[in-house]
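One structure, pasted below without further comment.
Here the chain labels run A, B, C and D in written order, and each chain numbers its own residues starting at 1.
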Amino acid sequence: MSASRYTYLGPAGTFTEAALRTLPEAATRELEPMVSVPAALDAVRSGEAAAALVPIENSVEGGVTTTLDELASGEPLMIYREVLLPIAFALLVRPGTTLTDVKTVTGHPVAQPQVRKWLAAQLPHTAWESAASNADGARLVQEGRYDGAFAGEFAAATYGLEPLVTDIHDAQNAATRFVLVGRPARPAAPTGADKTSLVLWLRADHPGALLELLQEYAVRGVNMMRIESRPTGEGIGRYCFSVDCEGHITDRRVGEVLMGLKRVCRGVRFLGSYPRADQVPATVRPDMTDAAFTDAADWLNRCQDGRP
Amino acid sequence: MSASRYTYLGPAGTFTEAALRTLPEAATRELEPMVSVPAALDAVRSGEAAAALVPIENSVEGGVTTTLDELASGEPLMIYREVLLPIAFALLVRPGTTLTDVKTVTGHPVAQPQVRKWLAAQLPHTAWESAASNADGARLVQEGRYDGAFAGEFAAATYGLEPLVTDIHDAQNAATRFVLVGRPARPAAPTGADKTSLVLWLRADHPGALLELLQEYAVRGVNMMRIESRPTGEGIGRYCFSVDCEGHITDRRVGEVLMGLKRVCRGVRFLGSYPRADQVPATVRPDMTDAAFTDAADWLNRCQDGRP
Amino acid sequence: MSASRYTYLGPAGTFTEAALRTLPEAATRELEPMVSVPAALDAVRSGEAAAALVPIENSVEGGVTTTLDELASGEPLMIYREVLLPIAFALLVRPGTTLTDVKTVTGHPVAQPQVRKWLAAQLPHTAWESAASNADGARLVQEGRYDGAFAGEFAAATYGLEPLVTDIHDAQNAATRFVLVGRPARPAAPTGADKTSLVLWLRADHPGALLELLQEYAVRGVNMMRIESRPTGEGIGRYCFSVDCEGHITDRRVGEVLMGLKRVCRGVRFLGSYPRADQVPATVRPDMTDAAFTDAADWLNRCQDGRP
Amino acid sequence: MSASRYTYLGPAGTFTEAALRTLPEAATRELEPMVSVPAALDAVRSGEAAAALVPIENSVEGGVTTTLDELASGEPLMIYREVLLPIAFALLVRPGTTLTDVKTVTGHPVAQPQVRKWLAAQLPHTAWESAASNADGARLVQEGRYDGAFAGEFAAATYGLEPLVTDIHDAQNAATRFVLVGRPARPAAPTGADKTSLVLWLRADHPGALLELLQEYAVRGVNMMRIESRPTGEGIGRYCFSVDCEGHITDRRVGEVLMGLKRVCRGVRFLGSYPRADQVPATVRPDMTDAAFTDAADWLNRCQDGRP
């Protein structure tokens, strides 16, 4: 039963659910909204769910730092898929409401920066109050507590609301990235357009430790795509780093980076190698291909045998 | 009038207020709680307040990423002081409530990870629901909606509650860092135990850009204390970096780092040089003292004059 | 009188004299051959000569390592010009000698690798013996001790010999680099195609010391053109480095590199900024121009004044 | 027969012969002086000799750059042993000569810098002329052409001379390093105090190429002991690098450095792993031991299998 269940950061009607429904297999799974990212992930850890979809980057519904922290601690989990969803809000209102009727609006606190400029320009005298989630905001409009809610257009039907304005987003090209997380298993085969995610704990707070870490990537020509620092909870100034790079763990250059990090870091957690949502193939230097690694290993063997 | 007013991330009775009250000058200022970090900072930008105290790191009341983002954009502001406050929650209840009576608890969502283990151990069957702030949670307990609220012990009196348990914190040594932010002005004189804060935008998404940035610090022996990536809002994969280093802008080595970053980065925002809350003096390599810089500059002049 | 005298690595009739005569001012100077590079340079140190021309790189007459060592020690000297001379030998013989008559040949030991392949192909049974200089070899042929001498074609007339074969050189594009050395004085004005020469002593034999040195150049985008290690005479494993880079000491980026090296090295000797013989303009990254340095310095001043 | 023959840089009676005789196996070999380093090595290449002893660093008899260049080109050879010999000259004279009789002295040009200060202090009016080798100088004194020769004390008997002064050396701790070179074969087993020698050709004359090369060593914590640039003969500004590092090719960290260099360099020539003459054990970072490499490889395998 659990294999057929996917959890996600709820409530229903949020962007996370919309992202989950872009996955083909979602059609055949029982999709269960959870109250928080930890709850969604704990259901996977306990075996109640096969996987969980949670936001991990640039979310308009929060949860991002929680996701990073949850993946960095507790029982290990791994990422198997990623989903990108463009950020675009609708202003949801009760039927019949016009723009001039909107005196109060609500939404998740994280949504506010995304609609702030639009609000200042279009509804300068309208008051914002935060809701626990975008979907909760819609419910509060349904109940009459606010005049409008910023949420995904797809949430309107659920709460008997209408999208008065759509495609609201302050930043161009803004998107949220979600990941599908499961218990550890063999990563999917490389596609040529893959990403590998790690959590790294520096061995010491010495000044050059982060520089050393980056050089492990640089020296093997592996492109780092994202690096985020997160407090470890051990006090001010103690961090771990959440890092994504191009390539798959079975690529020789990526494997050597991972082994190098394993040696120089206090801790390394492998979070998975999985296809990039944008399907952009990895750029590989000609001297860092699998063939270049194999040639070098052959040459080393010959040197050790006295046939350089 | 504005010079006498300090804003802070409210509401009243939160950790931020407690932190603000540790500053001697707070006693002679009008302290005004604001609904959000942007609101607290905008009051400074507009001149309505002289300064604002906001959390910037490891907060149990949220606001941290918002603070970083707010300081990185909009009208420039500068940091003049920092305050460290140990994280420790009290479980606030209505008078007469015992631990076995506590079936529901509330608090700011960011507080949850800090009390999670305590809750699992002491009150495993108690349900958590999030409140808009720790102080709001206290108010909701006062109103009878929940049995207990996690908040600062100092909030009890305001809401007619009692601290049932105190000093609750899952992580040892956990603390929140707050900063006092004002409009740009000449930084305070160096104390020998200073910190310099910057926001940096990399010029290009080329793999070595972050490495280059770190080398500007490393080559002048300037210790980086904190680096955090923040999305710029220009889309997935575009970041700026919030960086603190040891030392004061008037230290020669720090000045040269800043000039180096100014050249190689797409953008640099100087957020101030200010005394470290922990008063730990900067460690300076013997070849990176002001005297070493002056000697080298004298020698360069002599070489240019043909007297090497 | 001394201002009118230039010394050079003799004897007369060698490539060094030929290189010296390519300098326009040589026509108005008294040119004096010296027995060795140290002798040529000591004449400058003592004031007996205004300048000395000596080989410094890839010479076919030796003296290169001696030149590097001499410039690195003793009373400081500076480089003011460089001269490039293509390497090409003539086989000089007594009039009437044919190729089949040539059973023994001579030349400076350093010339041998340059003519080795030619000799093996054209005169496989001919014996080589070394002479003290290429010109000395010519003299020994004149005296009848050998049948042929490898030397510059220009040396034939001096010794009553004939060039039997010309333009002999095993490597394509081979050239010798000479430098004109004088007592320290203000360097010539920058031309846009300049070179700056240093001798550097690493502070400690710690593994990363050379890496640090190179990073001083790299972080300011200054191209290193040549790096040669030389033993310091303090024992096996102790080196100094002779380094040429693009640019002039009055270029801001080069000046900052020099100051950086002065701080991190045990010793730095400035050997001069002078026009490149090949007249190739320096490649300057857009973020490392003098204007970029000035802008960064202005910005730093503004930050220090509270006007970022 | 060839297995019993060792060649060396002659003539007999030089420091190289003295160095060769420090090897235990020299007692059972036919030792043959050769006219030059190339001649000594070519005898090995052709199979006429089993090995050759030649100076490679800080020699007082020249041959060092020739040795580096010879090992870098032509049929591959490998280094199996190294010998360190302190530099100390004797002033050899005909019996009966006193110090005041010595008006002219000779010696190899490379010896001159080693005795220059002594000569200036003790025999300020004595003229120096160069000889083809230190032994040749002794012969010329025997023939009466000069009054004294600087050579090894051991050369006196061969030429019927007497050591008038011994232990002459300008620099303290000066020594010459010699290497025993043979045809390629499996390197000797590691001793814990080994050295690995390479010749490296940079792929491109781009500014950071040398920095990249050094980082291959640095990132695996392998200490570089010596780096020397040598012109490749392809023209001014084209170099190869002769590099010694601590450790043995069978050490995991050294093997990974070699493979890394093989990938990023235009060419790599393995010159051997052999015991250090000074018997100083390699310093190995705790995170760069063979065990650390094995652990990291095991972990990588587990990650690839989904058991991180």
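Quick note on the criterion: contacts are C-beta pairs under 8 Å (C-beta built on N, C-alpha and C of every residue); 3 or more make two chains touch, one makes a residue touch a chain.
Which protein is which chain? UniProt says A, B, C, D = Prephenate dehydratase.
All values derive from a computational prediction rather than experimental measurement.
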Quiz item: Using mean CA coordinates as chain centres, what's the chain A (Prephenate dehydratase)-chain D (Prephenate dehydratase) distance in Å?
Solution: 57
Practice problem: Mind checking the centre-to-centre distance between chain B (Prephenate dehydratase) and chain D (Prephenate dehydratase)? Centres are C-alpha means, answer in whole Å. | Solution: 58
Quiz prompt | Inter-chain centre distance, chain A (Prephenate dehydratase) versus chain B (Prephenate dehydratase) - centres from mean C-alpha coordinates, in Å | solution = 24
Quiz prompt | In chain A (Prephenate dehydratase), residues with contacts to at least two other chains | solution = 215, 218
Quiz item: In graph terms, with chains as vertices and touches as edges, which category applies: line, ring, star, complete, or other?
Solution: ring
Quiz item: Can you list every touching chain pair?
Solution: A-B, A-D, B-C, C-D
Exercise. Please name which positions on chain B (Prephenate dehydratase) make contact with chain C (Prephenate dehydratase) in the complex.
Key: 76, 78, 184-187, 203, 212, 215-216, 218-220, 249-250, 255-256, 258-260, 262-264, 268-270, 287-288, 292-293, 295-297, 299-300, 303-308
Quiz item: Can you list the residues on chain C (Prephenate dehydratase) that touch chain D (Prephenate dehydratase) in the complex?
Solution: 36, 38, 57-58, 62, 65-66, 69, 84, 109, 112-113, 116, 130, 132, 170-175, 177, 207-208, 210-211, 214-215, 217-218, 221, 223-229, 231, 233-237, 239
